[in-house]
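Look at the two complexes coming up: chain A is in both, with chain B in one and chain C in the other.
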Partner chain A sequence: MKAMNRRKFMKGSLLGGAAASVVAKSKSAEASASFGGYPEAMGVLVDLTRCVGCRSCEAACNKEQGLPAPAQAFDDMSVLDHERRTSEGAYTVVNRYEIPGQDHPLFRKIQCNHCNEPACLTSCFVNAYTKTPEGAVIYDPTVCVGCRTCMVACPFYIPAYSYSSVLNPVIKKCIFCYDTRLKFGRPPACVEACPREVLTFGKRQDLIKIGHKRIQNYPDVYEDHIYGENEVGGTSWMYLSNAPFDQVGFDTDLGNQPILSYVKEFLTVVPMVLTIWPALFAGFHLLATRKDAKNKEEKTEI
Partner chain B sequence: MELIQKYLLSSLMAMLLCFSSYGTNALAGEGPDEVEIDSLAQLYDPVYFDHAMHEEVTESKCSVCHHHTLGTEIENENCMRCHAESGATDEITCQGCHSSKRFDADYLHKIDADNTLYHRDKVGLKAAYHIRCMNCHEEMGVANGCQDCHTRTDAGDKFFHAGSYTPPKSDKPVGGGH
Partner chain C sequence: MKTLIANGKIPVATHYNTGKNEKLTIKDKLLLGLSLSEYLAQAFRNPLNWLFAVIFTFGGYVTVSRFFFGLGYVTHSSYDYPWGLFLGWGLFVMVPLSASGFMLGTTVEVFGRHDFKPIERLALLNGLLGYLFAVIFLQVDLGQPWRLIYPMFVSLGPAAVLFLVAWHVATYLSVQVAELVPAFAEWAAMPKLKTAVKKTILGLTIAGIILSTLHQGALGALFTYAPGKVHPLWYSSPFQWFHFFCSSIFAGLSMLIVVSTICKKTMAWRCDKSFLESLDRLTLGLAKGATLALITYLVIKIIAIAHDGDWGYLASGWGQWFMLEMVAGVILPMVLFTISIRNNMPGLARFAALIAVLGIALNRLNTALITFNWKLYQEIPHWREVMICIFIYSLYIVTYRFILYRLPILYSWKKDEDTASS
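Moving on to the complex of A and B:
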């Protein structure tokens, strides 16, 4: 009888274990499934083969966003001698890259790439960021407390900080001209200003098709890759290049997982640690010191 | 009496229109001598494109710029797959095919709705000019800077913070902080 019980028990626990592992598997599959972005999200396909570095996009951005006057004129090409980053006064900048073996330099415009699953949004503890169905990653500066966590989280080093503001420094970055244009179905100011359609505006899904078609039509020209199609879970702004992407300043080691997925499992533990640990360790403490307290009591009694 | 005059006038117009539509099968030398391009008129003065001179430069090979639209010989093999026998089209001007409202919602919807369309990635008018003109100018080694073709207006100077709107020189390092 005893043996039977034991066998039954083993059988049951094995079955239970198998069932548990199946449940766990499906759960982890669910967790790793990518959101993939809003289906109607707009985007911009940047074709580096067309850019001549005229900086019209920078000038247009400056005007549209009401940014402060630049230190140098937008037709002053000497700024291209140094690699620049986005700043509180410039939400987009063009950099020049000399490519070994090519006669011509390449120019790359950078701005917020408007990720499908933005790391800045995930990292923001006051929920200042929003990914809109139109594709823009926008933020509410009135909520921003200026902690700069998003600057650390962004894989593209895009969000800038208004260091010049003494009383209320906040994050500053490209918002895809959401308030003034994208919301109304219009392309951002830089796209409209670009003379050579380096920037193609359209539905993100269509742009991916267009990008692959260009690569297919000119396989000798383009690298067989659209940067941003899959990087960090996909971005609304994507790039085509005729030089290896790492030679044009792109980080090619970011992987295709959204930044969120690297921290999701850790972050789910945080609330548990915060709620259970204090009670648990307070309990341990009380248990450990119970004897002392008892002794003390006894002593006082004597 | 006035009515008869009106009828005469309109029939004359109709006849003219008929002729003009036949006249699109243009030959080299039949094009305009000069084309005024003023789509960027806000920031730049209009550009007067010397069409006659460019006919000479291209040795009257219209397809260098006009693709297949004039029914003249084309060289691009990819285009030939469909357009080898196309003949002249109704539209021969740049803006006839290249939209000046490339990214308007209406235009994007139109492309989206037509799944039989092959030329889905057709650049807009401004890009058609700039890509065609500048790539050729570079190949030929002729002037190719923005202001070699465009004279900037005052509004343009303001837009670029250039000319009389150039910021005063500062000691701040170029590039700035983050």
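Moving on to the complex of A and C:
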């Protein structure tokens, strides 16, 4: 209780800015050692071998989230000719990849991967992001200042920004249908809409088992890897593929560390500078001006 | 102004009119002791002002339109490059070039090098204005600038690096204002204000060192959120903050040399004897400091490459671009500084300082824009974005000049007794 009050006090005080980052730092340091995501977190396993690129998920998302009608209809497959990314008008998009040596292309749906330790969340200086115990990374537009650091931080290039809005531009991204579905234990709209059972909704921990089982049952088909099981600390959305992941547009150089772990090296420096610098430079001052002080003393003696 | 001085006008440096014992009003001081028509006439004679007039007309229009039509109107609305020129130039370049304030504050107040006193106020002003305009750049870039105080009072995200930047820049701005209060107090004839601030100057300076170390470093640490996006040669998790901090030292000192040179060349009438006569010696003194920082920076850069195992990248096209930046922006000014110090050549040191300033600008733009997303495409800023940057930077120059003309930055205010006797 005492510690709690002290923390609250420090947060409010002027120096609290830096001091609180010390507090927060130690908290997250503990977290990274043991935190593999909330135990009850839900997730989705995407099996690229099953996807035919029908874009039903895009249409369902558009409807569920009340997004503006797209320039080209959802049954117009010519949009697949260019690689697309998520935008303020589309929280999920499907891209087509021609795989050398395979007679048919692969399709990959992208959306927010809902990381266990989201970079967007840790980079946000107004705490607009929350990772819910259900696994969703949600966003509070009422506090967003619009610095767009989360967009810089996201290793998957997911958050988009409504630049066109003058008075209320905000971050736009998939929220796992948290408000309308996930909160009540229901799968997101895209999962329900998929006609090919590409998307499997379930507890993240169960999905990992399912994924490995599929790989075990069909070792000739699948790559022996679940993308998202460990990438950047693990994500709620995970992928199975029958082609090397880098050929289907995945960034395979992200590593398994959460993005926060790269920032910690600096966060460790903060308390050291705060505590060591005042004494160090006051000491320099005394050393550098010792002759002046001596002169003064001699003068007063005379 | 030169012609006016030739005609017998003396720039204001006292509270009393020369000859007569009338106290000067604030209006007199604002008009530099000229009449309104004389003042306007000299302003119109300056061709630079005409250039600014053109920039303010067009740039002002584009800047205002950003607030009416949104960021989408003035930028490419890039999702992949969320930070454009406003932050790339306005924050990441302006802030290191403004490190002069804490550098000279430390030299004079903490290390007791009072021989640097004639240039201390210029360094402080350079710092204050650089930060102020960095915040103005930020305000143009933020989606909802009216929420600027949210991270302070409404919704706190204390574990974020940007949180630290926000708090530190805000606090440091106030520290720099306080450090310059004595200059304002002399000009506005408020002696009590000056003595009050003078008592806290050591505390303020040390606070300035802490805040500067951390936020200069934090600007670098912001990129540790994007380990895969910045090219490995410009990125190093453990060293990024130190690269940014260490390079801000020579950036600030070099910028101070550049600015003092411009002052000497274009407004010598406003500088007093002690400034003009000591400037060559001070320039070489600053050059010494900058050289030490440059060699430190160079070594820690090489250590970072070794630590991260990035040698292989040096052979690529990006590697050549990197080596160009290091040779032209770090090694060349370092060598030139050294030659100038050895042979007592302040002119060469000024040239080296200009190169170092350009070098640091290139480094920050490389990190924030050019090598950012090196695996994707290259974003070229929208012309309106460039226009706004030119506009705000011109505003910065004009504000800078306005203050230099008036406050006792380049000259010392004459004490009332001195004027009475003369």
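FYI, the second predicted complex is superposed on the first by the 235 of 302 C-alpha atoms of A that agree within 3 Å, B and C clash if a C-alpha of one lies under 4 Å from a C-alpha of the other, contacts with A are read in each partner's own complex, and residues count from 1 in each chain.
Operating definition for what follows: a residue touches a chain if its C-beta (ideal position, glycine included) is under 8 Å from a C-beta of that chain, and two chains touch if they have at least 3 such contacts.
Since we're looking at a predicted model, the values are computed, not measured.
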First (chain B), second (chain C), both or neither touched by A:I210: first
Which of chain B and chain C A:S87 touches, first, second, both or neither: both
Chain B versus chain C as contact partner of A:Y163, first or second or both or neither: both
Partner chain in contact with A:Q102 - chain B first, chain C second, else both or neither: neither
Residues of chain A touched, compared between chain B and chain C (which is higher): C
Partner chain(s) touched by A:N295 [first = chain B, second = chain C, both, neither]: neither
Contacts of A:T252 with chain B and chain C, given as first, second, both or neither: neither
Intersection of chain A interface sets (partners chain B, chain C): 85-87, 151, 157, 160-161, 163
Chain C-touching residues of chain A, taken from the complex the two chains share: 11, 14, 16-18, 20-21, 23-25, 27-28, 85-87, 119, 122-128, 140, 143-149, 151-153, 155, 157, 159-161, 163-166, 168-170, 251, 253-255, 259, 262-263, 265-267, 269-270, 273-274, 277-278, 281-282, 284-285, 288-289, 292
Of chain A, residues touching chain B in the complex: 50, 52, 54, 59-60, 62-63, 69-76, 78-79, 81-87, 89-90, 151, 157, 160-161, 163, 185-187, 191-192, 194-197, 200-203, 206, 209-210, 213-214, 217
Interface residues, chain C side, partner chain A - complex: 67-72, 75, 77, 79-80, 82-83, 106, 109-113, 142-145, 147-148, 150-151, 154-164, 166-168, 171, 202, 206, 209-210, 213-214, 217-218, 220-222, 224-229, 237-238, 240-241
Contacting residues of chain B [partner chain A, same complex]: 78, 102-105, 108, 112, 120-121, 123-124, 126-127, 130-131, 134, 146-147, 159-162, 165-167, 170, 172, 174-178
